[in-house]
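Every chain is named by a letter (A, B, C, D, E and F) in the order it is written, and numbering of its residues begins at 1.
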Amino acid sequence: MDNLIEGIIVVAVLAGAAFTLVGSLGLAKLPDFYMRLHGPTKATTLGVGAILIASMLFFSPREAGLSLHELMVALFLFITAPVSAHILAKAAMHGDVKRNPKTRGEPWEQ
Amino acid sequence: MFAKLFPHPLFSALLAVIWLLLAASYSAGQVLLALLVGWGLPFFSSALWPRRPPLAKPLAMLGFIATVLYDIVIANVVVALLILGPSRRLKPAFVVYPLALEDRLAITVLANTISLTPGTVSADVSLTRHALLIHALNVEDEEELVRSIRERYEKPLQEIFG
Amino acid sequence: MNAHLPVLPVLVPMATAVLLIFGQAWSRGTRRWLSMAGLVVQGAVLATLGGVLAGQGPQAYFLGNWSAPFGIVLVADHLSLWLLWTTWALATAALVYACRGADGVNRRFHVLFHFQLMGINGAFLTGDLFNLFVFFEVLLIASYTLLNHGGGKARTRAALHYVTLNLVGSSVFLIALGMLYASLGTLNMAHLSERMAAVEGTAETLARGAGYLLLLVFGLKAALVPMYAWLPRTYAAASGPVAALFAIMTKVGVYAVLRIFTLLYGEQGRLAGLGDEVLFLVALLTLAAGSLGVFSAHNLRRLSAWMVVLSAGILMAAVAMGGAELLGAMLYYLAHTTLATGLLFLLADRIRERGGAEADDWRLASLPSPGPALGILFLVAAVAAVGLPPLSGFFAKAQLLLASHDHDWSWWYWLALLGSSLILLLAFSRAGSSLFWRRSGQAMAGYEPLAVLVLAGLAATLLVLALAQQPLMELAAKAAADLLDVDAYRQLVLGKEAG
Amino acid sequence: MLYLFLALPFVGAILPALAGNNRNLGASLAALAPLAALTGLLLNAGPIFDGGALVASVPWAPTLGLNLTVRIDGLAFLFAVLVLGIGLLIILYARYYLSARDSMPRFYALLLFFMGAMLGIVVSGNLLMMLVFWELTSIASFLLIGFWSHREDARKGARMALAITGGGGLCLLAGILLLGNIVGSYELDVVLAAGDVIRAHPLYAPMLILVLLGAFTKSAQFPFHFWLPHAMAAPTPVSAYLHSATMVKAGVFLLARLFPALSGTELWTLVVSSAGMATLLIGAYVALFKHDLKGLLAYSTLSHLGLITLLFGFNTPLAAVAAVFHIINHATFKASLFMAAGIIDHETGTRDMRRINGLWKYMPHTAVLAMVAAAAMAGVPLMNGFLSKEMFFAESLHLGLSGIAAWLPPLVATLAGVFSVAYSVRFIHDVFFNGEPIDLPKYPPHEPPRYMKIPVEILVAVCVLVGVAPAWIIAPLLDAAAGATLNGNLPDYSLAVWHGLNLPLMMSVIALVGGLLIYAFRHRLFSLHERLPEVDEKRVFEGLVRMSQGLAWRVTRVFENDSLQDYLRAMLMALVLALFAGLWLSPVDWRLPQMLPVDIPTVALGALLVVAAGVTALWHRKRVFALLLLSVVGLVVSVTFIRFSAPDLALTQLVVEVVTVLLLMLALFFLPDSAALESTARGRVRDAVLSSLVGIGVGAMAWLMMTTDVPRLADWFMAQSVPGGGGTNVVNVILVDFRGFDTFGEITVLAIAALGIYALLRELYLKAPELNGRGRPWAMETHPLILEVVSRPLLSLSLLVSLYIFLRGHNLPGGGFIAGLVTSVALLMQYVANGVSWVQSRIRSHYLAVTGIGLSVALVTGMGSWFFDRPFLTSAHGYLTLPVIGKMHLASALLFDIGVYLTVVGATLLMLSRLGRVSTLDRKRGGH
Amino acid sequence: MIDLSLRIAAVVVGLALLLNLYRLLRGPDLADRLLALDTMYINSIAMIILYGMYRETTLYFEAALLIALIGFVSTVAVAKFLLRGDIIE
Amino acid sequence: MELLLSLAIGWLVACGVYLLLRARTFPVVMGLTLITYAVNLFLFASGGITDAGAPVASTDGPWTDPLPQALVLTAIVIGFAMTAYIVILSLRALGDLGDDHVDGDRLPPEDQP
């Protein structure tokens, strides 16, 4: 049981870190702002989510009772990340940032 | 009367639960405090949240959340692969999504869901609230994207918010 | 209540200020009376405290009932009392003067005024170095705000400079505090003093550096070279009552050097006498800068502001030389110069109130004359400021000269004191003859007996300082003795088990 | 009684004001006090003539050695009589001299004030007290010389007199302090008895020079003589009083007073006699060439003062007697001459002797008076001036010098006598004879009012009486005065008119004849004199003052240039010096001690910090970008706090940072969001060097701090936190309990800042820019829907977090301050998402009041402990058992923390909501 | 095992932070930089949680919570600034 | 680690000071903020740095010195109040003086007395 939980923790930690990195990698390498926007809002959020799960599993046996307060962080992130992305996209459209020429469709005038 | 005392009853319950989660203690005192918090915060800040959202089927919310969480996990892998792969192959697009929802909260939930689920970010809501602008990282068929969002998210939301 | 006397000079103004926050809607008259009442109570507190000190000697007050060095302790000795009284006298004059109308410009004037007093009084009382920092900040933020009282370009510009410099100063203060804590492991001044006596090694390096940094910080407050240049415009820009009150602000810096350097870098240990030479040199340069400024001023505001710089030099040089007698004389001078410059600032303001924004510029000969009442008051202020008898300035100067005569640096000090006096004489005679004699046309409109009364009251204080110099000198001597009796201070704060 | 005597003139100074416009009454009232004083003095003069003194003493400032000692001996008596007596005559004279435009009460008040001060000098039995009155005479004379303040020459003359005599006063102060220090007392009795000690003291020379500087400036001795002629801008009664019997006599009085204590050394002889000699000659010479009546008299005064000084410089008892005698004589004849000059000025409207001629015809009475007085001045036999001058000549011959030095004094004396006769003759001949008046402003002149001449007549009578019967008239007084001057060692001297045909008489004859000859050839001399380059000391003096003022201004401007950058640079250079001096002057152990190991994530953090801060500095002109980088720095600093186990700091830093960024964003709306490059490359390099030095210094100190280990208070806090403070979060317990007073001050700072900001923003109208930094219009949508909707639940969630952080603060990281900031941020979010007006219309709470309540809660909590006889802020904590809830831990510190919480919320929101409104107002007006 | 994974994860997240910094410096637009900052906030949450696990303490948890809150607030504020210039209107 | 932290502090100070010496209000404020960060770290470091746990009395084992932390907290709050004040003051300066330059030299020079 302990080993299983430990295993899950290890996997969650590593996977979380990996997703985090991927999100940031996307931010670093993708060609235009709108495409970069996808990396952090999702991959990173999920990555942090995974690490939070690891933390819950990690602390629950150590503290008295279930350690669920990590859910609060997750909740916050899941509520706010899309809003941040949304308003960032609006800001970008207002700033007329360069788009990848392959992009179909047009951003809206702000 | 009830509505005045409990402007957002479901939310109150959620807050109480969160309080208990945060406190990580379930003693009688903490439960009482949680109830107090759950009632008090919405009550005292009701001026800043005047309209109670029209929730028709609150329980359906749970199913929706499950769907979304599942989508987040699955599709994140897809995005991760897209990111790791060569960027040249990506086919980004701005897609206009005609909204059927009318409630402000419902629209917001939909927009956020779209942003959380992979490959799409809701970039704008039209001033008339009749359409969403979505940026997709890699999309072959815009029609298909619109249709899948409609089916998977907007329909359930229409149910939840009546 | 007597048991809590040492904390009351901090709490009374604060309570007054807080009450006044709630009194925003009250009539102006009510607010004024409340504000005055706060000062009256404070005066009563000081009088009682004086009695207690005379009877029982210095008092320590352990806040939160935590023994030193763990909690914060306030120490009320005669030195604190001396400065508290000086502040009080100045503040009373400034406040009464302001209540004639200047306080109406901004509803929060009285609030800020009392917060300012809270900060100053706290700085004079605290026995904890970090707490001193906190009170410095209280008095600074209040002064920033008071400085802007009334608004206008000059004030804004001056405030920008003043605030920025002091923010840097505060940072330096914190750095010094960190170095002291790292090297001595405590923040209580008595405890620091005790540990400083045995400091060595790397801790000594840190403690030395901290000493220099503190000198810099307090030098900025006191407007010493090279950090004096901000002062003239700042003080000249402030509204009259505020500038008058600011006359005490540089003295807070002087006090801080006096207290900290006596306790920490005083007689004992490897760092004894740290910075004395530098301080003396810098003080003389400040005195020179102040004299040049006084000499080149062309309006009363700037003249008064430069007076503040000049007197900072005189005070700090005395601090650097040290010795019970000289410090007593220096405290007497401090009270005198604070009140005298306060009077000058109020006079300048009064002239401007009556004759317009530039009315105190004596190059403008065509303006109407400020009239005989202000003329006599100016004469009194000038006589005091220059150091002529029969007012306090003369005796202060004589005391300083006399008390410093057998010091190694006395020739420099005498030269500086007498030289600056001559320059003051030239400057003030020119100022007075141009402002009151050359403008012989009709007098300015707006003669106001109350204003004259307030100014005359302050002027009378200068005479009282001179007439009652014997008891005052004895009190100042007690203050100096309390300051220099480091062992007693430690004993008082740290108790018997200290050692 | 003696104090009353001294106080009389001062009290009397107020009296004339009672008379209003009645000039006679005014003068009478003015005369009351001196008359009473003089009468009192004369009635009590008995002991004085017996060689004793009237003494009274009370301590004033014993610490300083300052006692109020009145001591009237013969010398003091003599001067007091002169001061009061001539003063009375001046009062009478001035009654007629002053015109209706002059304020009589003011004049008499100042005159009496001066009289009192002068009286004070002469009767002081304590040197410091004397100094007090000495300086008072300077002030009074300044006001008197400048009496006609509308005249520029009066103002300038007054200032010059004050500058010189005041400066001398400063020297005298120093000298007297030294003297008192040598003797150990300022009491005159003690000082006069300590001559030997004084002369043997190593500080004798500097002390003597300082005292003499005081005396010489006051008595207008060379080279400080030039102020006196310019003081003639004063009304003539003032000149007659100040420059005959009083003000200038104060200097020679001082020489006389301190003669027993200070004289008798070569230094004394050298300095005093050379100053006297020079003044004597210069005065006598220049007097002859002055066309201005008062100018002539002024220079003759100089000359006579020089004579008296020279006599003291002779350093013999007999010379001292002669000096005292000449003081009396000069006072009488010079006062009468000034008055006569005043009458002439008054009647002719000018003082120019080239225009005033032949007045004998118009005012013979005055002419007679003037002639007698001038004869006294010239030293004509049977006049008082003759007697003292004979003594002077005699003394000049008996100095016991050898060689050329023996010839010099008599030569100088005779020469001066020659000129003195010449200008006296000129005063008479040029004015009363020498043809007809030329173009007088008032014509024809006639005799002045009867009473205006009475003072002159009295004085002239004295001149003659003394001159004819010195032994009867003046001997007792002179004995007393000279005896007092010499401290009782009065030599034998004879006051006869005829001493036989001797050398002094020969010198007198030479002087008389020579003087007449010189006057006869005056025209040739005048033209010769006019060809000499004229030295206008006044212009030199004023030029010097103006030049040094200009210099002072320029030097001041260099440093006080209103440049914040320069001020900062100066301060930072001092900082560098302080830091490096600290490192330099004490031992530094630079060895690498055992350190914490470094790990990769921390290095990454470090890299983040370094790059972000560096780029902020480099690219600060792209302001939004720089602000983002600043946020990165803030974030990294917070994480660093976590890395080193300071969770409370991390929390605080985080919230503070976000509020700061919000604030800066608000500000950036108005500030230009990019700036031009202003500094030169050289300037930037210089600043970079300065910055690096500061950074190196601080970094080195940080390094030393972390590598040194001393016993600290930490253990105690850790141990006491739970039992003493009732909380496990030691940082919070320190904040609200152990060092609650700091926090008390800290929230006060916050509240004041909020108040200040509130005040700053009042009536601040800033133009909201219509385009963004890139010249594009702003987005149309003010409050995006999604943000608006999400902000609603987010508020409650954040408040929940805030409450949570607040409640746990005493035991775990958190507390009132952080909770307060979180609440503020939560509410600010509402402002951002929904707008100022939306929120403001829904939140009624008055932030200022919230701030006030917060402070009050903290204050009242702190004072609560007084009811338990504990000091301010003493905390109480305990356990409370409640039904259902169970045992609850309560600490009064929690209440204090609530105060903190409320203050923070109130203050923060007060600042930011106010600022938000500034722009919105403008946009509303502009109709965006 | 957990320890090792935590160390590895911390290095990985550190790398992610550096990548964020790269984007922050690189831009090219303010929106890009802001996005990078926002990501940095989230990544530092991950870092703090990892550190808490490494130290086996939950004391740092609230810091993570607060970063989530204020990261959002500051991102929104700057974005609002870019859009409207005025963040509170 | 001590070296790293010292370097970071020194660097922050240097950058802050450089910004402080710029001619406009905004960089000055940013410089002050950077200096404040550095000073907070500096003051914190005065208690020495350890890998030990946070100063919470309920947990066992080693802990860091709590006093500097409390001091830094106070300093942060005060620094915040001051920063807020100077930000608004620079706005006021902008409003009153028409630009954001920090020096007053460009006002007409006062003429000589």
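The rule we apply is simple: contacts are C-beta pairs under 8 Å (C-beta built on N, C-alpha and C of every residue); 3 or more make two chains touch, one makes a residue touch a chain.
Computed from a predicted model, the values in this text were never measured in an experiment.
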Common contacts of chain A and chain C?
-> D
Please find the path from chain D to chain F through touching chains that uses the fewest steps, and give that number.
-> 1
Centre-most chain, if every chain is reduced to its averaged C-alpha atoms = C
Of all chains, the one whose CA centroid lies most distant from that of chain C is B
Which chain lies the greatest distance away from chain A when centres are computed from Cα atoms alone?
-> D
Please work out the Cα centroid separation of chain A and chain F, and write it as a whole number of Å.
-> 32
Please work out the Cα centroid separation of chain B and chain C, and write it as a whole number of Å.
-> 62
What whole-number Å value describes the gap between the mean CA coordinates of chain C and chain E?
-> 48
Centre-to-centre distance between chain D and chain C (centres being mean Cα positions), rounded to whole Å = 16
In chain C, which residues are in touch with two or more of the other chains?
-> 130, 134, 137, 141, 144-145, 148, 151, 157, 160-161, 164, 168, 175, 178-179, 181-182, 233, 296
Listing for chain B: what residues touch at least two other chains?
-> 18, 22, 111-112, 122
Two or more partner chains touched - positions in chain E | 10, 13, 15, 17, 30, 34, 59, 65, 69, 76, 80, 82-83
Could you list each pair of chains that touch one another?
-> A-B, A-D, A-E, B-D, C-D, C-F, D-E, D-F, E-F
For chain C, which residues count as touching chain F in their complex?
-> 130, 134, 137, 141, 144-145, 148, 151-153, 156-157, 159-161, 163-164, 167-168, 170-171, 174-175, 177-179, 181-182, 187, 233, 296-298, 363
Chain B touches which residues of chain A in the complex?
-> 19, 22-23, 25-26, 29-32, 34-35, 37-39, 41-43, 45-46, 63-69, 71-72, 75, 78-79, 81-83, 85-86, 89-90, 93, 99-100, 102-108, 110
Flag every residue of chain B that touches chain D in the complex, lowest number first.
-> 11, 15, 18-19, 22-23, 27-29, 32, 37, 41-42, 45, 47-50, 104-105, 107-108, 111-112, 122, 125, 127, 129
Contacts from chain E onto chain A in the complex sit at residues 1-2, 5-6, 8-10, 12-13, 15-17, 19-20, 22-23, 28-32, 34-36, 38-39, 42-43, 45-46, 49-50, 52-53, 56, 58, 61, 64-65, 68-69, 71-72, 75-76, 79-80, 82-83
Touching residues on chain D, where the partner in the complex is chain E = 599-601, 603-605, 607-608, 611-612, 615, 624-625, 627-629, 631-632, 635, 638-639, 642-643, 647, 650-651, 654-655, 657-658, 661-662, 665-666, 668-669, 768-769, 772, 778-779, 781-782, 787, 798, 801, 805, 812-814, 818, 822, 825-826, 828-829, 831-833, 835-836, 912-913, 915-917, 919-920, 923
